[in-house]
Every structure is written in C-alpha cells, then in structure tokens.
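Which chain is which? They are A, B, C and D, in the order written, and residues in each are numbered from 1.
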C-alpha cells in the first residue's frame, strides 16, 4: 500500500477518529458492463481506495472438460471454439496440433501455412477488440465501433473460409475441414490494407489522448519475477519485459520460417499492455503477408490411413475397391479412426491472450481419457488482486479491460 | 541439469518411475515430499513458472494410485519444460499445496479440489472455484454421471 | 393496477392501446444479459453494420430498472441462474425476454452437470433464437417478433 | 413589460405541463406488479453484501463542495456573457476581479492537496 501523501488535511483526519468511516464492500458483479463477461469482484473500499479485492469466477463454468471425455477427437474441435470466443481459430489450431503431436503426425506444408494465416487473422480479431473494449471502458466509445467494423471484415473472411462467423470448428486432426476458397488471398489483402489504416486511426486517437494516458500509464505495474511466478503469459508477460512467446520459444506449424519481431514493453502496466497489443497486430499483418507470399500448394490432409478417409475414386475402382472400403470402414466405425496411442502430451500454442496449453491423456480409444486446457485467462485473472489492491476504484476498471479476461476460457 | 535425473538422485525413495511420450519425459513421484521436489526444481533447476497444475482420475486403469496431480513446469530462462506427476491414493485424497512456492498455484489447486476432490494441505483458502458453494460431489471424477445429479434443475420457477 | 383495468372496452381504449403499444414497440430498451459467444454476436448486431438502432433498440441498459427487453445471450451456468432470476425479478413490469442462441434456449451442445438446459424452465421467454451463435439478422428478426407481439397486446393483459 | 412576464409564464407552464403529463400517463397506463424480489437493491444480480447506509469518507463531501463552488462561478458568468458587449471594459474589469479571486482560491486548494484523493 503506497504511503498516503502527508497533506495539511491531516489535522482534520485525527478528528476523523470518532467520525470513523466503515469500509464499504462493493460488488463488481457478474452482470456488469465493465467486466466483459461473467466475472465478479468483491471489493473492500476505504473511500475510493481499494483495500482488498477478491475475485470470484465460475459464473460460466460449462463443464468443457467433462463433455470432451464423451466425444471423439474430431468432435471436440467444436467444443474448443466456444472457449475463447474472440479468437476461436487459435483454439482449434492449438487443439489439433496437440493431438497431432501425440500421434506423431506433421501437418502438410499447405495446411500448416493456412493454419498460421488464420491464427494470425484471429489474433488481430482478438487484439483489436481487446483494445477497443479497453478504450470504451475509459470513455473512447468510437474506437470500439471502429474495431467492430474491422471484425465484420474478419467475420466475412472466416465465414468464407470456414462457413461460420464465430464458431468456426475449422481444423481436424491432421488437416482442415476443406481448402481455402480461391479468392482467399484477395480478400485477406483487401482486409490488410484497411486494417492497418484503422490501427493508425486507433493509435492516432489513443496514443496522444490525455485522459487515456492518465488512466493507464503507471497503473498496476507488474515486476518480471512476480509476473513469472503468477504464471502470466502472452501480452501480460511480454508487457513486463520477459521475451517469452510460444511462437518463438517452441515454434509450431511452420512459424520458424517467418520473420517477425518478438515485441516486449517495459513497465508492465495497463499502458504497455495496450501498446504491446497494437504493435503485435502490426507484426501479425507482417506474418500474414509472408504467409500469403509463400503459400505452398499440395494437399491439406496428411496421407495417413488412420486419419484420412480415402478419396471416392479409390473406393469404387474395380482394383482398389475392397481395400478402399476397408479404409473407409476403419475410419468411421467405433474404435477406429483417430486413435492416438496410449500416453499423454502437453502441447501449447500462442493464443492472443497467452500460452494456451492442451494436456491430453489418451488410453488408445477414440475418446480422450483426460482433456485439460491451460487457459491463459485463469492465470492472468488470478494476478488481478495483486494489480489492483492499493489503487483507486477507477483503476480497477482500467486494469480489468487491459487483461482481456474471457469468461468462456476462464471458467471452461 | 536434467530435472528427471536430479529428482531421481536426490529423492530416490520418492520416485515411482518415469515415462515419456511424444518426446516429453515426466517423473512419477509419491505425494509425501512433493513440496520439496518442486522447491528443488524451482530453486536449483530454474523452473520458475508453474505453467499448469491439474489432476487426472485413473479410476481402475491399473496405475499406482487412483489420482495423479500433474505439475507442468517451465523455465523461462533456458526454455525447457518438465512434468512431475504426484500419485494420490483414493482412500485419502490429500497432498501438500504448492501455493507457497508458486503464486499461480492457488486457483489451479482450488479448481482441482472443486472438480476432482483432492484437498491441498496448507492452501491459503481452499474453496470451490467453479461450482456454487453448496454443490456436493466432484464432477470430473470418472464415477460422476455426465448430466449431474439434478443440481441443474432445482431452481425456483418465476411465477409471473 | 392502473386506470386501464377500470377502462371499458371500446373505441377510446383501443386508440389508447394502439398509441401506448406503438410507443412501447419503438422504444424497446434491451438489457443484454450477455455471458458467452452470443454476447459477442449481440455486440456485432448493435454495432454499425447490422445496427439494431434502426428498430429503436439501440439504448443498451445494463441496469434492470431501466430495461424492458432482456436478451439472454449465452449459456447459463449453475452459478449464473440465481443471478438471472434476480435480475428478471427486478425488471419493471412491461418486460419481455429473448432467449438468444441454442445454449440459452435448450442447453445447446452442453448437456452436462453445469449447464441450465434452457432458461424457459425458470423464466417466461417470449422469443427464442436458434443458432450457435445466431446471425445478427436473426437477432434483428427476433426483435421484430417482439415488436409484433407488443403491438398486439392489450393493456388489460398487462395490468 | 407585462407581455414579457406572459412569455415567462407560458414557458414555465409548458415545462410543468410536459413533466406532469408524462408522469401522469405513465402512472395511469403503466402496469404495476408488486413482486417480493422486485424492490431489492440492484447489486449486479447478487444479494447485497453491506448496507449502503454506511458512513463514507469525508473526501467525497469535500470534492462535492468544491464542485458546487466552481459551478456557481460559471453560473454567475452566464449573465455577463450575454451583456459583455454593452458592459464594455468596466464589466470586463469586474468579472476579471471575480475570476482572479476564485482562481486564487483554486490555486490555494491545489497547493493544499485538496484535489488529490488520499
């Protein structure tokens, strides 16, 4: 608790002894515009200063891990994109990479490139809305409307590629639902031109904005070792200066052959989180540009009998008919299809909010034995009391939106 | 310093075995001195981030015990990961808490207590994290029915 | 029990009803009970491309006191159900409820211990929107359904 | 002179009239249903934790008084703004004195730290 500055007012404060103000308990509850989801903070206030803040979560606990134990691996892809619903594609890609790692399969170059492009697009979608909501919470409502115009462009691209605006369920174990449409590159290029203009506009409005600076600079600075001990990852950890990005630390799906800068900020406060997200969006645009330039051809499915059903031609040709039918049968009947060997794996990818980890335990059958998700929001929201205690009540709102907590991923 | 070997040498009596799958080794240990093992890994091994703490219910899968509490550790400095699995018997599902070592542990442990029913001794505030306070039972256990035991039905109906 | 319960039927009351219903229809103040993915789609409906403001439902009120249309968008967990009940109770009387998305209407893909299998088991719902998440067009269609319903209602019914 | 007062009377009558009719119509035609839970205080959907009738910090009162002080200052300047052309330089000098006294007061408060929160 910062030592309150000694003011001449102290003379009256002794009198306050008998006027003792009781601590007010405020409920920053589950149904609140500033919590962006179903989070609850029980705050003990002394005037405007936050003495104690106790978060309470679980208001959106939907039993993801239990229902995934009753679904086959390719069915759980639909569950994953309801976790972080701001960037569903990152969840899909993260999950299918985990299962592929368990089965020891490597996706085809074209599939890996498409996954990287879509992951970066949905990272932009997540970061731009997070910046928009942070600005809206501090009063700049137009920024949020601008970001939604960008997200509608992205929804068009996602809908064109995957068929759904939000719940994409696009990846499969060892491949994708289908190949990208022919005008994919032209749509993405049109979006990239417009998106960088919008990012410039957002930066133009917010970077020099006196109110935005006063409300975010120096608010809840987090030192490096405390951030690491809290298990913070992603934008929150990089905002404290720790250069940890899973795309660089543990390159997956072809990230090693794209050049992009690992962005870190210094003080780890709400301002550097905002700066980091904006700069990361520009990096993502660079990565997408490189991916589109070097988009390899070829199949999108791994040629592996355990996963891929044979093409129609192989089945009803006189020569390969029987063998193709056995293929097809083995892939769809119970106990066949995607059956990873007995064992377990912890595989993580760089989701927009941080390190999204999948800890899968398989017992050799079609269904995962244990399906555990390491949500970045859980560990960043756990550090919320550390960041806000001692500050003012208005800082609670500023910090809350800088963390970009998503209840679906937090409560699973 | 290879973490698995270090645990084997210093805590020889605690180690039940090791395993590896998809290039990721782990070590199985008894639950008694898990706090010391984690402290050694954190201080000497440099594993300063507890990425994830979770539990798996190996109901009649022929494992050493029924529950396994899994600690996924990561060292930010030299970018290596390791995994420690502490086996907890069904008769007495308790284990020492890692909240004093890592600040990311409390909520993960509360979630494991809430969904799996493993109590953590020395935890600052072991309450349910996900489910309402008055919820009985631990849903992530294998013997718990998927559609629950009727908790989702008993709410008062609003009479217009 | 306002004056309208004593009003006799006839031309006078139907004209007043038409006027009152017209007023209510075009100024539905929605309260977004947004929990999960449908809330993001609801925000998409409210922003500039699909623009719910064209139907008078642009003013988003987060306090139940000033809202008369509650849009339950997203799945409702065990802990959230008492909150939903309390907020529905606290809304003043001429109130309608839209259950947006499959999760709010029937539990959606989450048929498990933690999810309410449809909020109509506990609170009266006027319009259901299918979809996971429903497209903004279907949210607008639901608001128009509510407007049709408001138009047909007689004041006595609401007394 | 009289018709000026007539305008003022019509104006206030219009204001009061609109206000009353709105209240009256909503009172007469609005349905009212007394439900047990309806009148509980709204606390984001969860039961109340601490009652609101607690003593709170004196700083709130201080900030409120300062606001009223400087708000009245602007109210006094409105009639001057209407007639500043006619009043000319003497008017400007008078308002100048008025404003400098208040600015001096603001500077004093600022130095004393009354505008800071803690």
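Operating definition for what follows: a contact is a pair of C-beta atoms (placed from the backbone, for glycine too) under 8 Å apart; a residue touches a chain by one contact, two chains touch by 3 or more.
What you are looking at is a predicted structure, and each value in this text was computed from that prediction instead of being measured.
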Chain pair with the higher count of C-beta pairs in contact (B-C, A-D): A-D
Centroid comparison with subunit B (C-alpha atoms), farthest chain: D
Between subunit D and subunit B, distance of the C-alpha-averaged centres to the nearest whole Å: 57
Separation of subunit B from subunit C, taking each centre as the mean of its C-alpha atoms, in whole Å: 43
For subunit A paired with subunit B, centre-to-centre distance based on mean C-alpha positions, whole Å: 24
Where subunit A touches two or more other chains at once, by residue number: 29-32, 58, 61, 63, 66-67, 411
Multi-chain contact sites of subunit D, meaning residues that touch two or more partners: 44-46
Residues within subunit C bordering two or more other chains: 78-79, 82-83, 85, 87, 89, 111-115
Chain contact graph, described as a line, ring, star, complete graph or other shape: other
Partner subunit A, residues of subunit D touching it in the complex: 43-46, 48-50, 54-60, 112-114, 116-118
Residue ranges of subunit C touching subunit A (in the complex, touch as defined): 33-37, 39-41, 43-44, 47-49, 62, 74-75, 77-80, 83, 87, 109-115, 132-133, 135
Parts of subunit A lying in touch with subunit C, wherever the complex brings them together: 29-33, 37-38, 58-63, 66-67, 78-79, 82, 85-86, 144-145, 148-149, 151-152, 155, 165-167, 407-408, 411
Subunit D contact footprint on subunit C (complex, rising order): 1-4, 16, 20, 63-65, 82-87, 89-90, 92-94, 155, 158-159
Touch list for subunit A against partner subunit D, complex: 4-5, 7-9, 12, 16, 19-22, 24-25, 27-32, 40, 42, 46-49, 392
